[in-house]
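In what follows, chain A forms one complex with chain B and a second complex with chain C.
Up next is the complex of A and B:
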């Protein structure tokens, strides 16, 4: 998320990583959705649950472009290698001075965790990252806009956002929503050794029931794009 | 049904208590009158009267209480009509009522209806005698059909209302599983967003150019698949 609050966080993590030689590269994730009509209720509840309940939640407006890096000339073979690597570039539309974020997320790990566990790497980059990726051979796969609220509770990042299509004749203000719902995501970065934070995540998720059913859903099971 | 029975029992107990109180105070009054005769104390009489009136008032209040079932809707039937003295009744009423018979309770045991009710009953019977048996049967059938129809209407209406209130008291739907899946698929794989098959000519988003031009670049990129003319027309920076 290209936000003011994440930049110092990234700086700190880089420093701590250099110091401790530990990079939190695992992400626990829980996703759910809430209909637009009930959004206010969910935001109020989250405000109460998360830190800084006295200030209105921070909004973000991001434009994410996803590149796919794979060998496009090779014949399609089954298996994960042929699917390529998905690289996500996010920029903050409302804060153009912030650096872009390059993100790699891996596949969800197997195992009986309370939340979805996957490899995740976040890197702030300069604005010419797209050219760079294209020089590497990555192709633009898809892009979208995400607009919503971000809150945090301790180490847990809570985002509630709506995804918009970016297409022909689209300006920043003329966006077409994908669904009539907002996406609710709870995520926390951790290392392979510290798995206890998933219980906190699950506890927070349970607080949002029955408004939002947060669960770990593997997107690969939802069919090919 | 059980609730109604319990409510009925509770109401009857309460009414019985009140009636017993009234009876006690009436008895006191009678004794007082008999004992003291004409030299009786008028204020004490007034006291007794006020006690009795208060008790009658509470009895009335009890009968009008909303928790009391509507006693008018209930029928009491005598199970046994016997002119012989009933010992249990004697004991219960302290020797005053030997048998529950017409002498004691003429109004309760009467079977003849009121005059105007009786008149209407006779008129109906006369009308009934005139009508032919077949037409009567047909009318009965039609009547039954109409009543059944009305009952069906009422039942369906009731079911609709009940399900409506039940679903309204249930939590209104705040999240949809389908939408969740659609969103997760979109976030994970890009499902739902236009997938560009052709590589974009100019670099799509990230140049050193200010944002408005980035947007026009986006427009060009995204429109490539559908409207090539428009793309080349819009984008001034191509090649």
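Up next is the complex of A and C:
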């Protein structure tokens, strides 16, 4: 299939896409955690639930660096404006040839959704994005390694991973885990107009019920960092 | 307004609740009511007033009565409890009812026990007539997707869970086979059935699957290559196992699924055929698609579908007699020899069908659709995990790598099924034709021999043949080798000297090439032979400009001198001419000094060329004859 040859200007296309709300920039997210001891059970259960049950789940090893972009000289005032914008850069350690991903995650939407709904923008970027962000004035907030399994079920992305500390003298094989448990995340990207997929997400989460309690996590309740 | 109010008011009956009104009062009322119709009411609401008054009177009476009763100590009236009349005990009816309900309960229990007993007995028996429904259901569930909706069990035949996008629902229903209904029930294991006995099926299924009528029967995709109304391959269309009557559910479901698959495949092909715009447009008529692959050569793809009722819809060969229907009838009638799927490939109709079904191409088509399914499921998972899903790796890298529009478009390009199958068919056809040309030449020419080796491992769109040209008995002298790669529309020939020639699909080009190679082989082999025999090569010319003009290519010549130098052989060979050999000797035997050439030494100039009649010579082939000739001339 070829694209239509009379492609309008890119800006117009993007504008009209945004206007028609067909940009998949909304993310439904459910999170939970499981102890390392019962990880195998969860993985087996997920393999049965997800697509491609015939092949072992794919592993991933990502390095995430989070930058904070705000006016650091401004006086501290409460409110979202003072908190700045968090930009997350992720690279695949096990696939160095693939582009980096830059992600912006918005605040969770208020309302009674079956899963946590938030604005989410992903852009594939080249590997010098970190320098670019620092030039913009962003400051390194924190970084970590995430290592685990990734699966999919239809449009739903299922990740089971563990977070590791990043520091000097830590090689790829010798990582220091942050916790004794694995994180389980179900996420799906959708548009503003298509909210039906959240029910699928909820259904999948319910299938995991006794093993993992997947909930909509509200970060603001966790208190200030 | 007032009339309406009056009407409504008249309807109010204040005495409706007054059930306890004494009979006397009732009588009074009746009297009053009887009187009323005769009197004309003075004013509209008189009626109502009368009723209210009546009600008021009754209330007053009741009130007075209650007052008297409540007087303490009671003087005039006492309330006395009324003794209810004792019910007559009808014992025998009760007993009867009890007996009846007990009896019905007992029957239910007995029935259940009986069923349990029979099922137990059947479990114990090794050769049961009817298999257990639940066990069969379990077996069915192992292979098919089932779902319970209400009281029905619905199964899914579609390939949707495998990546299909076909809109057909493809559901089937599972029910328990009635023991007393249907023809299969009458055919027990021991019963002698006139027609429908299939020896392989001793055990009767207790499951019955119902597939949609449009998926009944069996179907296949018919693929053939035809020349413009001329046979390229003559064989008949074999009717595959058409379903007749009752078959086990597994087979039935598989067939239905196959029908669904074929329908989807054909649907997809037809859609693509309409959408594609080649120079010669594809034809989609009814259940067949015709595409032109080479000038005058067409690919025919048809959907053959026969439902279980002897109706063959679909292509079959248009206007070529009724090949499939013949197979059908023999299948139904000839139940004795081999019914069901065991019937032999039946020759349909009086004459053989014109077109041959290309099984390998049908298989390729199936494979292509399976690959589409596979691709729709096998998107690479995103790395890093923030990356969006359902995109190829290259497309994800398109942004950071700054691809331009053309590159992105090239990423999106995908060959349609029809294009792919046309390419395969073109290759298939070209390969067969190349094979035919080479075989024809090999049969035509025994001197030198043409030996072809086909590569057994090839791709659907590329194959390779190696051709050796040798002279029998002299294969150590020289072998001319060439390799021909066969693509979809072109041939690439690589010769031994490194020349690469690209040819079109026309068979004449290949033929010419091989003829030239034969001619060159003869010349080169002669030169190699001369070395062994000690003859000296005087000259050799690949492309000689003199002599009769060749229709294609050029003739070549070789001149050889004997070891002593007194004989010279000249050989002339062209791709389309026979080899001709001339001999000249020096000193010439017929030298007579003339007035111009007087001296004797001029006799060494060589005599006139004399042609050797090779066909009269002894020897198996050209080189053998040349060897004998050289030997004779040297002696």
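Heads up, the rule we're going with is that the second predicted complex is superposed on the first by the 204 of 225 C-alpha atoms of A that agree within 3 Å, B and C clash if a C-alpha of one lies under 4 Å from a C-alpha of the other, contacts with A are read in each partner's own complex, and residues count from 1 in each chain.
The rule we apply is simple: contacts are C-beta pairs under 8 Å (C-beta built on N, C-alpha and C of every residue); 3 or more make two chains touch, one makes a residue touch a chain.
This structure is a prediction, so every number in the text was calculated from the model and none was measured.
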Problem set entry | Partners on chain A (chain B, chain C) - clash or fit | fit
For this session: Applying the touch criterion given at the start, work out whether A:16 contacts chain B, chain C, both or neither, answering first, second, both or neither.
Result: neither
Exercise. Is A:58 contacted by the first partner chain B, the second partner chain C, both or neither?
Worked result: second
For this session: Identify the partner contact of A:179: answer first if only chain B is touched, second if only chain C is, both if each is, neither if none is.
Result: first
Exercise. What is the contact status of A:130 with respect to chain B (first) and chain C (second): first, second, both, or neither?
Worked result: first
Exercise. Of the two partner chains, chain B (first) and chain C (second), which one does A:191 touch, if any: first, second, both, or neither?
Worked result: neither
Exercise. Which holds for A:96: it touches chain B only (first), chain C only (second), both, or neither?
Worked result: first
Problem set entry | Broader residue contact with chain A after superposition on the shared chain, chain B or chain C | B
Exercise. Smallest separation in Å between any Cα of chain B and any Cα of chain C in the superposed model?
Worked result: 13
Exercise. Which residues form the common part of the chain A surface touched by chain B and by chain C?
Worked result: 91, 100
Problem set entry | Touching residues on chain A, where the partner in the complex is chain C | 1-3, 7, 24, 51-52, 58, 60, 62, 64, 88, 90-92, 94-95, 98-101, 103, 122-126, 146, 150-152, 155, 157, 159, 161, 189
Seminar exercise, completed: In the complex, chain B touches chain A at residues 171-177, 179-196, 199-200, 203-208, 211, 215, 218-219, 221-223, 226-227, 230
Seminar exercise, completed: Within the complex, chain A is touched by chain C residues 377-379, 381-390, 393, 396-397, 399-401, 405, 408-409, 412-414
For this session: State the interface residues of chain A toward chain B in the complex, per the touch definition above.
Result: 31-35, 37-38, 41-42, 63, 65-66, 89, 91, 93, 96, 100, 127-131, 134, 139-144, 163, 165-172, 178-181, 183, 210-213, 215, 217, 219-220, 222-225
